[in-house]
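Following: one structure in structure tokens, then a few remarks.
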């Protein structure tokens, strides 16, 4: 079992949330099970996606792996080092970004000073830290901003310098928590390509990334774990997950008005229906068979149709099938 | 024997000596970083360096107003000098250095929480202890600079009769007192990390310690009920020893004070490490690290 | 000037203060901690709480009572310079400044409201401090004079807040408020007669000191409750009071002028909410 650079076994974590005034006795305690018996093994050189809606427990897991949060039970190891008992060795083995990261570097120092500083904190010699910094600034296309204070950077540049910070130690394991969250689409695309082509293919890093963008997980990951309510629902390659519903087709209808619940249920041939405000996704084995009945039903109810598409299932459909719900507050992005 | 899977540029040093070197390096880098950041606020920097002198002037004027000059026979009964200005200058100077050392150490983690960079630092393999040491070193270097300005200022304005050789016993005291102050910083850091409201309490304690520190009066005039409290404060002996060193050199009393400080070093440092580790663990358990 | 705005601001701030009861306790205790070392210092230097040399300078031997008045009343100076400026700065940092600024309210009203609520807070503190100190220490005041002193303090506080508004103007431009305020506070502690009389200061410092409302106000209050003290220069107290009134008007005029200018300047630069 030691050959997994990222190894998680039976990790659980509860948080106690208190509500109400700090000074009143009637404080209500609510226990949130952030992670429930999570198992995860990431192979060497693999990009592993952790996919789930906000609040599913993704960030908690990353925080445990990065030694920021201590689990209640279970074992987690990075590069063979226990994150609780050998936390410093573990920290020397990974680079990580947590959250947006706009504020994760020192604004009063230049980009270069920041990176050299963090390199030194990983025990790099001054020269190595400098070389690595120059290299990373070039990769992030920040060379001309190297000697400018981070406070003068744009939001995107701040994200870039934080990303470079995670790479400064050239650690074998990389943990990225929502790496493209809040980035502009073109940089998000560049970053994904960089993760895939440079970090994985050239440098053979082992990478765990969390995301709630289905497309990102689909595009980058060799394997994906679907996480919901603190539990791993399924782990497989994106293709395998999609294969579970491969014989299906999805009819996607957008309408001008909100749709009532359960109004198509009596049509034979429909496998599953997911209704969300003004759009509806109908899973079926053969769209041509049921299309007419669906349209007739909509006409009968006086519902105006904006668009109709027939698609092959995506990772999102697999997620919906497995968890019974979609990804909350997901955003479409290029 | 652990096998590492991938060779990496950054590897946590396997031997204890190289580990210590690594931590010292980290503390040093942190100190440099604080200097960089501090220098980017020129006004604040200027103030920090000049404040001890500005603070001292009213104290001296008040002292002179009381005795009507700079010589006090009453003071000579308690201390090794009758010169009010000499007495106050080194009392105040030592207190400024010592309080800043522990204050900077204690503020370090809090400040990283404010700027949002605490988590970034926590992700590196550097020990949390080194983070506080780095801050302490910053406090030390900055307050030494302020010290020269302060003593230099008084020398320029009033003139001071001191033996330069006595700087050696003074520095010795400073070094040993810093160790207990580091322990003190660890306790405060731990407290504030776990309970943000503890900040007010820390300010209160700081005020209380300053009250007991014999910066503006000799330890002997402190009322009996306050003495036990003063005796366990590292500031008290630091100030007393610092001034004794300047006035008398390696005297018997100086060695006695040094003895107290060494004992306090052990107590405060061990207590500091225990308290900090406990609260830091507790905070990570709660998942509240980096919240503010 | 809209009275309802000022009322609303005061109401908001008083609610805010009532949420920080520990703070009141904290600030009520702190000055005692500042005074105590000075008493020990007196014991060590002159062997008691009276000094003849002190009387030569100030007119009073009783340096303990002398410095208690100064130290406790200095609370008003602190609250004036920390109050207005840092309230603005605080809003700037918590991100509520821009929200407050887009309400159709005069900025000066906001400052006046803040000043008044700060004064309420400071007065409460001062009263508690005097009560506690008189329980523990032997202080000798003419309590009848204390009643007249209230009027003098009101005049002093008005002037101090004019100065506070001036500080607020500087603070919204230079974003290092803590330092600036501390600098001014430490400086004022040095040049105003908190612990000693003006005579103890070098000549040029005395001249600057006399342009500060607190110097005038404190000197008159001391004369009222400790009649043996001497004013410097040896004018009648009424001249100090007239000077105080002139200072009040001047400081408010300059304060509002500067604040409006600076506020416009930051809006032109687009850095109002920035920190």
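The chains carry the letters A, B and C, assigned in the order they are written, with residues numbered from 1 in each.
Going forward, a contact is a pair of C-beta atoms (placed from the backbone, for glycine too) under 8 Å apart; a residue touches a chain by one contact, two chains touch by 3 or more.
Here the structure is a predicted model, which is why all the values come from computation and not from measurement.
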{"item": "Chain contact topology (line, ring, star, complete or other)", "value": "line"}
{"item": "Chains linked by the largest number of contacting C-beta pairs", "value": "A-B"}
{"item": "Distance from the mean Cα position of chain B to that of chain A, given in whole angstrom", "value": "44"}
{"item": "Geometric centre distance via CA averages, chain C-chain B, whole Å", "value": "30"}
{"item": "Approximate Å spacing (C-alpha centroids) for the pair chain A, chain C", "value": "54"}
{"item": "For chain A, residues contacting two or more additional chains", "value": "none"}
{"item": "Interface hub residues of chain B, defined as touching at least two other chains", "value": "41"}
{"item": "Chain C: positions in contact with at least two other chains", "value": "none"}
{"item": "Footprint of chain C on chain B - complex, ascending", "value": "41, 43-44, 47, 51, 54-55, 57-58, 61-69, 72, 74-75, 78-79, 84, 200, 203-204, 207-208, 210-211, 215-218, 220-222"}
{"item": "Chain A - residues contacting chain B, complex", "value": "2-3, 5, 13, 15-16, 34, 44, 60, 63, 66-70, 79-81, 88-89, 91-96, 98, 102-109, 113, 117-124, 128, 132, 149, 162, 165-166, 169-173, 204-206"}
{"item": "Chain C - residues contacting chain B, complex", "value": "22-23, 26, 29-30, 33-34, 36-38, 40-47, 51-54, 56-58, 63, 67, 174, 176, 178-180, 182-183, 186-187, 189-190, 194-197, 200-201"}
{"item": "Chain A partner contacts - residues on chain B that touch it in the complex", "value": "2-13, 22, 25-26, 29-30, 32-33, 36-37, 40-41, 115-117, 119-127, 281, 284-287, 289-290"}
